[in-house]
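First chain A sits with chain B, and in the next complex the same chain sits with chain C.
Up next is the complex of A and B:
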């Protein structure tokens, strides 16, 4: 019973990681950027929602109306002023730039909020949902529903709209996309905006389900990176499967063995998979070899 | 290489490199400054900055041997730094080494252990390239951090471990660490220099430029990469050992610290990635500034902001780093001088213009 509960909880929490990993993969696919700042941006989103709930007594879910556009704008700003000017050695330079952005954000948050742990509060946070003999925290269910909804929105945008078509074109072949008249710069800007806007939502979810401080970003980014590598870089479906898989494994190990080894198991699986498949579960071999 | 006939037929082809005399002079001055530094500034606060600068000097030079030459940016070398630290702390208590000179004997042991650990790690991570490589090295560092937290019996978990410090007088306490550090840093720089000038170094540079082509030319890229990876890990292990001895305590979050790798890459990029002395210059300047900020402002957060902002500025303004910028300036200076000579000979401005 405990194991079943752990599996379902793993799926519920996995939704959040799947959403974030999808954003990461999308940004990577379009721009060849590993958005290393995503961890710090999620924590930034969490702190923004936290401030809104503390000072204006806004419901955390409602606070997203304010934080998401703000973070989207931040994403576009980062693209225009930091990523676009990079001309040489784009892959490494953009990753290091994102690393620097993450450090900058972490330092600022650390000054603004001290380093004590906080958690976003709402009246229903400690409620739980009973299904048969199983007991689930209500907030996990809500955040899973939100993540699933956003993932389907993301799917709709990528596969059913005109923008999605230009986005997929830029992912497949940026040069050819430019030749047929797609403004790849604009697509990149909007994609990074979406990717970072999603971090605002992810931040709210993270902040309601975990106690966090400015350096929590490392915990998030390390897991997200593992998920994205395991799923295969550039594969959205792989990211979804890997996220759910990882979180389920972690929760089951935590229940069966010991909570301390939960996250280590998470990483050990990555190593084992990479020994057999260096390109990840769903990655294509040699696609981006050089 | 496109050789211009006019230039290759000239009696003495001009060298586009900074002349030897200037380079050796600068090296000698730099060496003297480093040797005399703690004797002139014998204030412990300042010589502490010096010791940290030496530790970073050897670490970044080691890092550059792999990442600078092969172009594989490893952001997980804190693994080897941490292995050096934990090896020192654990072995010092296991072998019951009395605090004092004997502790320094742990340096070669840490170097050996870090190099040994680098072999399986390298075999795993070097199978992938580019983004996946960078991200995988970062992930590896978190794995080791988790091990350090979880294997409580050996590592003490989040309590960390202590390395007892020798009972030396405060006024001379830093000196042994400084000179041992300087010695190791010089070994690292000489190794880096010899690799750069060897056939092995050329194969690393070929991998950086185009790995598939290097392979097709018969370079065993896997072995070359792995060798460079192990050599760089050895120096990171030495740096970790020095750090653990000097600071006196070891904690998972500081031994396997993502910021450490950011620092290494900042230093290398600021000085000039892939050059021999560029990273050293970056290490001296930036680690000096870092310690200064830490002492002046106290908190780590201001320093994070300064670091992030500085890094963004460096990447924007000097993407190649200081040392390549200087040699570029020198080269264009030489070319311009040559152009003037050709112009005054009034025969071939057109040919001279064809060069570059």
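Up next is the complex of A and C:
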């Protein structure tokens, strides 16, 4: 029964990690940069939702109406003013730029909120659904449903819209995409905006399930990178599968054996997968002809 | 040859030389004669603090404790009649950076003394550097057994070390409760895990059994499987080796799993004052216990001054003072007492004196160092949240008044009178 509980909890928690990782993998797929600021941006999203709940008594999920567009705009701002002007060594300089953004965000949050731990509260956060002998935290169920909905929307946008065609073309071959008239700068700007908008949502969920402060980003970024590597850079579906896989493995090993070995088991599996498929589970080999 | 109005060239050169020598003599004597009105040279102390990273919450409190101590010490004559000046550098909770910081303090800034950083993890590399340069490291927040098992003679912990932190509770449990299964869950931290393991070993020897024992890595963010395992054990007593964010998450997961042990003690977290009550909710704090080496209302040396000065400087009330504040303050106190007794800034003489069995008094109570640097004179308290107040409940028969311990926690969300 404990194993079944661990599997289901792994799936539920994996859902919102998949949401955060989806933004990261999309950005890499289109722009060839690893958004090292994703952890700090998730914490920023958590703090924004926290402030709205504390000062205006807004429900955490309702706060997303305000925080998501704000952070989407922030993502676009970062692209236009920090990433787009980079002309040489774009990949390396973009990495450094995003690292600087992360450090800046952490510093500002530390000044504004000091280093004490906070958590987003709502009346239902500590409630749980009971099915037989199994208990499922309500917040995990709600966040999984939200993540599933948003990932479905992302899939729809990517595969059923004109913008999605442009996005996929930019991922496949940015030079060819420009040649056929796709404004790859605009695609990149919107993609980074989407990626950081998703961080706002992930941040709210993270903030309801963990006490956090400005330095909480480090644990998040390492997990998200691992998910994206296993799933394959640029693959949203891969991020979903990898996230659920990682969390289920960790949770099952934690209850059956020891939490210390949970991460180890996952990394061993990651290593084996990469030996056979270096591009990850759903990544594509040699897809970007430059 | 041209004859100047000063006479011959040779004469002119003699006059110039004489003038130059006179100027030099005046300058040297000016330097040599002490200015009676010059301020005494300050005692400089280098301290690395974690202002970012995993330890940032405690790091900031540690810095507050040291600053408050310096203010208090300077109001009481400083050290050797000289004002205390603290130099801080942030180590970002990194063992690599803490080494760099202390190296800079000692070799570049040439501070007179150093005081310890936050945590066993950082105290170990920091004390290695201090030892290399024959500096004493007095500290109050690095008490993991591994700090003292390396054979270093320069590191001294003014607080109760890890192995003794939960012993007060374990002894009380063994004396008053019948042997039963206990659930253990702990972070694999060099300070936190020994606290739990030592208490477990003591209780195992007294007939208590292990219902579940889980060790989790520091980077864990999902505590649901651990909480589920603890809940599934059905143990009525839970001993958790947690740091603040984990502890808060564990409580949330216990509530979600509808697991409510009769007794719950945590290594750290409930001692964080307002941080704790805001994170878990005041109505969920009832009955939760935590060990601590300090009592806010204590009458130990300097404690009332420290509390008043802290509230004046940083606001809040007596319950909002983080436990790291007195630990840092105490390290400063012992340094001042020892240096004043030694009468010089020699770290060699200081180290010898600290090893001599000398006794000191601090805001945390008596301090006396064993051969390995641990405080053999410490007697840690246990605190419990009762009706929204953080009160001492153990040890019984100690120097400070304690409240009766609640042995049966109420349901989550019910804190009478809060």
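We adopt the following convention: the second predicted complex is superposed on the first by the 265 of 290 C-alpha atoms of A that agree within 3 Å, B and C clash if a C-alpha of one lies under 4 Å from a C-alpha of the other, contacts with A are read in each partner's own complex, and residues count from 1 in each chain.
The definition used in the following text is that contacts are C-beta pairs under 8 Å (C-beta built on N, C-alpha and C of every residue); 3 or more make two chains touch, one makes a residue touch a chain.
Note that the structure is a prediction, hence the values are computed from the model and not measured.
After overlaying the two complexes on the shared chain, residue contacts for A:5 are found with chain C alone; chain B is out of touch. Legend: residue contacts after superposition of the two complexes on their common chain; A:263 is shown touching both chain B and chain C. In the superposed pair of complexes, A:278 makes contact with chain B only, with no contact to chain C.
In the superposed model, A:161 makes contact with neither chain B nor chain C. Once chain A of one complex is fitted onto chain A of the other, the partner contacts of A:125 are limited to chain C, with no touch recorded for chain B. By the touch criterion defined above, A:172 lies against neither chain B nor chain C after alignment on the C-alpha atoms of chain A. In the superposed pair of complexes, A:209 makes contact with chain C only, with no contact to chain B. In the superposed model, A:218 makes contact with both chain B and chain C. Of the two partner chains placed by superposition, only chain C is touched by A:247; chain B is not.
Annotation: chain A residues 106, 110, 214, 218, 222, 260, 263 touch chain B in one complex and chain C in the other. Put simply, chain C touches chain A in their complex at residues 51-54, 56-57, 59-60, 93, 188, 214-217, 219-222, 224-226, 228-229, 231-232, 244-245, 248-249, 252-253, 255-258, 272, 274-275, 278-281, 284, 412-413. Contact residues of chain B toward chain A in the complex are 71, 73, 75, 124, 127-132, 134-136, 138-139, 142-143, 146-147, 149-150, 210-212, 258-259, 262, 265, 269, 299-309, 311-312, 315-316, 319. Across the complex, chain C is touched by residues 1-2, 5-6, 9-10, 13, 106, 110, 114-119, 121, 125-128, 130, 135, 137-140, 206, 209-216, 218-220, 222-223, 247, 250-252, 254-255, 258-260, 262-263 of chain A. For chain A in complex with chain B, the residues that touch the partner chain are 28, 32, 34, 36, 82, 85-86, 88-89, 91-93, 95-97, 99-108, 110-111, 214, 218, 221-222, 225-226, 228-229, 233, 260-261, 263-264, 267-268, 270-271, 274-275, 278-280, 288-290.
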